[in-house]
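Encoded as structure tokens, here's the structure I'll be asking about.
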């Protein structure tokens, strides 16, 4: 499946922290850049996310704020 | 001002394209990665965005989808 | 690629309307339900979206408001 | 009140799971489709969401990613 | 209909600007605060938005970034 | 840093509630208006948010739904 989301950064999972409903996933996109994604705990478990996994951080372009 | 947004990627503006209401900003975060942000044309003009500007792409962690 | 986005509705493209920066895509998820997605014109063109295409409408669960 | 959100799917609450800050609401929009919405626990309680409630899943069109 | 969105600010439409796909709506929530909402042109037309209309600016709490 | 986000409301933190992954921040933007922002617990702690802090509630214009 190809996605309309313009931004798809390759990275590796560095850390998975599960809450009750949400989960925080740290993704190293390029040393030393780490991206934080908050997804549902259910998704984290269904994807079986664990440190070292190759993943994509997918971000729709309307969600990005530009700072200058 | 410090922001709660966990993800703030440094980059350079590669291209600014203005529509009637929105504008598309291409930001090179690290060769060869280019991020697309769709913001209002008004913001693009107020920030005076042009190719070569040093900017940040700011993304709240709840906006990121993880693909594996 | 498997996505963390919990909501992935299958549907067919009913209409594609291109603006200067954005594009509006009408997706029939189930007669008579039609979903509207606003994506970049660039994505609409890269995906080659046209009426009748089988697509998925992907929605992260944090983006949904519940009305009762 | 009429909303600008283009997408308002009618459905029934199938499950409510409360976390500390957020809550996950499963909404059956049409058998066998189930939509997951993550909202604040506070909202879930104020709306008194429970299994069987008729609700709307409201999604702004800029939040939808198209996969093909 | 009651909404899960925690933030519903009352205001008046100050300006409506239509693009091809999107529309920019300026809402005065309290003098001198003006909020900008970018919605689809289709929604702006269906709601018949015009200067002086009493409206609500509805914002889900997960969409807000905190700056300090 | 100047932001592309059109909406930046000044306010004071009224309440901070930490969950496991997320945190709920109540911001009084103007008596008696209180805005709720759900951010990561990590951000709430890094910003050291506490009652009485002067903060900004930053909202991108594409995230706002208009109700009439």
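Note that the chains take the letters A, B, C, D, E and F in the order they are written out, and that residue 1 is the start of every chain.
Here is the rule we use: contacts are C-beta pairs under 8 Å (C-beta built on N, C-alpha and C of every residue); 3 or more make two chains touch, one makes a residue touch a chain.
These figures come from a predicted structure and were not determined experimentally.
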Query raised in the report: Where are there more C-beta contacts: E-F or A-F?
Result: E-F
Requested in this report: If you line up contacts by residue number, which pair in A-B, A-C or B-C shares over half of them with C-E? Let me know.
Outcome: B-C
Report summary line: subunit C to subunit D, mean C-alpha position gap in Å, rounds to 18
Report summary line: The distance between the C-alpha centres of subunit B and subunit E, rounded to whole Å, is 22
Report task. Find the geometric centre of each of subunit B and subunit D from their Cα atoms only, then give the gap between the two centres in Å, rounded to an integer. Result -> 29
Requested in this report: Using mean C-alpha positions as chain centres, tell me how far subunit D is from subunit E in Å, no decimals.
Outcome: 21
Requested in this report: Would you mind listing the residues of subunit D that make contact with two or more other chains?
Outcome: 1-6, 19-20, 22, 24, 36-40, 42-43, 47, 56, 58, 60-63, 65-68
Report summary line: In their shared complex, subunit F is touched by residues of subunit A numbered 17-20, 22-24, 36, 38, 62-63, 65-68
Report summary line: Interface with subunit D, subunit E side, in the complex: residues 1-6, 37-40, 42-44, 46-47, 56, 58, 60-62
Report summary line: So, in the complex, the side of subunit C touching subunit D is made of residues 3, 5-9, 24-25, 27, 30, 33, 35-39, 43, 47-49, 53-68
